[in-house]
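Pasting the structures in now, so scroll down.
Each of the next two complexes has chain A plus one more chain, namely chain B in the first and chain C in the second.
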Partner chain A sequence: MAIETLFSDVGAQALGSGLAAIGAGLAVGLAGIGTGVGEQGIGAAAVGATAEDRGMFGLALLFTVLPETVVIFGLVIALLIMFI
Partner chain B sequence: MTEVSSGSAPYIYVSTRMRVRKSKLIPREEYLRMLNMGLPELTRLVEEMEYKREIDELAASFSGVDLIENAVSWNLAKEYQKIIALAPGEMKGFTRDYLHKWDIQNILTILRGKQLGLSEGKIKAVLVPAGALDAAALDRMIAESSIDRVVETLPIKAIADILSEGLQAALESRSFGDIENELYKYYYATLIKAARGGMKGGLPFLKYVMFEIDIKNITNLFRVRAQVAKDADTLALWIEGGAFKPEELERLTTVESLDEVVDSLKKKVKVAVLAEALEELREKKPVYAVESTLTSAQLGQMDKMSKRNPFSISPLLVYLERKRYEVANLRALARGKESGLSAEILEKYLVM
Partner chain C sequence: MFQPKPMTHLLIAASKEQMASVVTELYRHRVFHITDFVDQGKEGYEGVKLGVPFENAGQLSSDLIKIRSIENVFQTSPGTQFDVPVRPAETIRAAINNELPKIESEVSTLTAKRSNAETKIRECEQRINELKPFALVPVELDLYRGYESLAVYAGYVEKDIDFAFPSEKYFAAGKDGNFLVAFVESANAQEAEKVLSDAGFISVALPTETGTVQAAIDKYNTELVQAKADLADASAKILEAKAKYADLLAACDEVLSCDVERAEAPLRFATTEEAFVLDGWVPYDDVAKIEAGLTQATGGKVYVTVDEDEINYDEVPVEYNNPAFAKPAEVLMDLYARPKFKELDPTIILSIMFPLLFGVIVGDVGYGLIYLALALVGRKLLMRMGEMGAKAFKIILGCGISTVVFGLLYSEIFGLSLPWHSILFSRHLPIGGDHLPQVMDLLVISVAIGVIYLSVGWIFGMINHARMDHKGAHRTKAILGKFGWFAMFWGMLIILFSLIDIGTFIAGITIPLPNLTVIGLPLTIVGAVLFVLGAVFVARENPLDLMEIPTNLLSHMLSFCRIAAVGLSSVAIAMVVNFLAMEFFIGPALADFSVVGVLLIIVGVLVLIIGHALNVVLGVIGGALHPIRLHYVEFFTKFYQGGGVIYKPFGLKRKFSEE
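Right after this comes the complex of A and B.
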């Protein structure tokens, strides 16, 4: 009886940490996809603007990386899930 | 041809490039400043603009106003060729079709030049190789010994067929007017066919083409009303595919009252900008004033369309047209200044 309880506790713990890892993965992965979709348009416009005017490079780069913040949010959530 | 499907990114890329280029065109205030300049100042200013490279290239062959005129035309041709090169996928096809009108213009210029017996150099100076026929193809056409040979060796078969059909009559009457009408009808029919071909982005293109046909027909209507005898047969003149039927337009050429003409046109016009422009035409105006009112309406509507469809063919078409008018304005300014026209008169001919 005691052995059975011990095994089920270990199983629940393993399941819990497994699900947390999947959650962390989804947080980063989905945020990454969202960022990619956002950056598609901005990146195309940024390359277009820079091709016409080299002076636009800095500003265009800044706008292109703005959606990266979404990945950072995802990463923060993932770290919270994994370590706290 | 292999078509790479990559979503909206290519449209966004090209539309942005066109917007940046459009923002570099000469603004209205600059034109107003240019109107008060003398010819040497104007020449210097043009040399400092986007046209510098062409002016340097052609400086050995031309001088003065001829240099400005040829440099801006050459710049226009190069610019259009560059745009065809950078437009992706279906946009390239639409752009090529749209720029086909320069081929028609160049071919007619060569035929007219040959008929008048002008020298090769003179014909070449007024050509703008902005369409499918590049400078080398046009040079070969100019070098042909006769008009018949020009038509026979024409690489665009559809145009060659139309030309060979009407060539005899044109040579006898010494006028290429009828051929020109047929060529432009063919041109707009091709555009409508391409736009209705079911390709992505075809709908904004179709809307624009139909709008341009309406503008052309209305401009021609006012030209005919100003020039042609009332009982003349004008049915072959009108371009089909727009909001108006040829019979209706022919009827309007004979209507005396301008109010009635404007009211009849307004019934069919759905575009607000054009309806406003038509209101301005209620009072009798010279043809050039009518044309400039309609051209402003056309450009205004194009701007609107490009804002409504920001990532479509519209921003590209707006840039093509704006660039064309910039070049036309610079030519008008240079020639006008040379002829000693006053700033007030010149201003009326500029599209700003």
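Right after this comes the complex of A and C.
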């Protein structure tokens, strides 16, 4: 019964949108992990530098958020998958 | 606008007799930025030495230290005192002379009392802890000492032991270890110690008290209660004294800080035996005022001159010169770095674009009103943080208003739709609204903002190099390098548009985009020429810079997608929260009303409150951090260095006193 539905047109469409949703989830999730890995080292060093010298804050923030672009790209891809 | 305040380099010279009046006059105006004199044998300064502080500096400093130490006891500082009446400085100086010794002795008595009580508490607690194990041994405390032929051991062992000679021993097993007391004849002491050390003996001091153990513990407990009462009493009295003296102390602190700063000012002057020279900067508009003031204060016995030698612009102190509406954004600039004197100051762009982008990203009437409410509630708190807090308040206010405005345009309130269709772009995701979001349009607009930002950034970069670098081949190369990036960027865009009709290529886009494919090949060639030319200019400055092509051209442009993406994620969270609460809890409960239904409604309301509270916080992170990052990383890296000297006029802003 389930297999039959899978091969019908409606089933294929449902399967397609389901896979698209999984893809979108993976795009955001994996990109988020990547960003996290990138930011962990920078963040630790940035906090250290800021603790030493408050004036470093701007530069430290700048360095810390650099890898964040990756997860934004992931989010954009997810949006494209879901809405285009 | 885009420029810091123009500054004039002033040299002030006078005989030493006039030093005090010059210092007082400069301090009063609070516009003169002193360049500290460094004694390094500069040409023309032979035999010139650093000045010495005025005679009373030592006394003033020691008074200030006394005040600070009392403030330390009270845990206050001038920064934590508000709504204090302003008093004449003379009254405060009189108070320092007359009342300070009294306050000081009162406070030191109280602190001594407090620390005595604290010491007593510590001692009692320690004695009680040390006596506790002895309570397990049925021996009175007097019996532990005073023997000539007996050795006494008390302490913890790993396990019970047996002596091979006559002894008296008590063993008590316990959670904290096994306690053992042993009495042996002195003759056997050496052997006993060996047996004990084999059993891992850790000795404890023998008690010095008399009577039963319990009686001794009770005595210490009584003392402990008394000491705790003393401590509470002393702390209460200190609080009382704090309430009485805190604002006077803050005023004294301020007046003394001013006096000390003035008294020590000569340390920053260049002096000879009879005269002194003072080097510094004054905003151009205040020069006449300072000159007139100094002439009057010294009776004309001062020589003030404008130094018009070649200026090292890196040394000029930088004071922002922005219209009132842009002032708050100076906080965001200082967070990054103060601009250099000859550098373009982008504060004004930041002041307009930061709240605007915040609104574009969060864009929700409900959240905007929450931000406004939070700002108004927290206003007093922020105002107490001084100038920076006041600026932060205005920034938050601007962001809140912008969020409400864009909320009206997007037709969004707490993720729900307002009674009208969105005026600008729809961000209503399918789970909540009745129409699809214009995701593609939003992304294209975001990238377009990026294109403008990057172009302006490189143009500013050219201007900055033209203004700041020394004339010569290097400067030309640097300017052309910035132009190279600009040309490559637009070359890339032109090639793209000449090959692909973006408007139809991207599905679901409703913004009309020009179809340049009709021109075709000629345009592609123009783009390619621009690109190659740009690459050559960049490579001429530094070939390694070409490595940055992917990040500088593509990554930085596409990074602006975050404006749309972060905004949509904020909408998505709001809608998911609404969906969860309405469809799973509140909706079913209302349809079939029962006791369980009431519970479901409560849970649903909780989900709504917590979910939206979370989104408000995320909105601050998304709405504030991302635009600021776009400015810092994508925009500023194109032209901005910062690192200018911050303008610090000689003088203190008074809060509690007036001269």
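Note that in this section the second predicted complex is superposed on the first by the 77 of 84 C-alpha atoms of A that agree within 3 Å, B and C clash if a C-alpha of one lies under 4 Å from a C-alpha of the other, contacts with A are read in each partner's own complex, and residues count from 1 in each chain.
What we mean here is this: contacts are C-beta pairs under 8 Å (C-beta built on N, C-alpha and C of every residue); 3 or more make two chains touch, one makes a residue touch a chain.
Everything quoted here is computed from the prediction, not taken from an experiment.
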Quick check on the superposition: with chain A as the shared anchor, is it clash or fit for chain B versus chain C?
fit
On chain A, which partner touches more residues: chain B or chain C?
C
If we overlay the two complexes on their shared chain A, which of chain B and chain C does A:62 touch? Say first, second, both or neither.
second
Please work out whether A:83 is in contact with chain B alone, chain C alone, both, or neither, and reply first, second, both or neither.
second
Considering only touches as defined above, state whether A:40 meets chain B (first), chain C (second), both or neither.
first
Under the stated touch criterion, which partner chain does A:72 make contact with: chain B (first), chain C (second), both, or neither?
second
Looking at chain B versus chain C in the superposed three-chain picture, what is their shortest Cα distance in Å?
8
Along chain A, where are the residues that touch chain B in the complex?
40-41, 43-45, 47-49, 51-53, 56
Contact footprint of chain A on chain B as seen in their complex:
7-10, 12-17, 20-21
What residues on chain C touch chain A, complex-wise?
335-337, 436-437, 439-440, 443, 507-508, 555, 558-559, 561-562, 564-566, 568-569, 625, 628-629, 632-633
Partner chain C, residues of chain A touching it in the complex:
57-59, 61-62, 65-66, 68-69, 72-73, 75-76, 79-80, 83-84
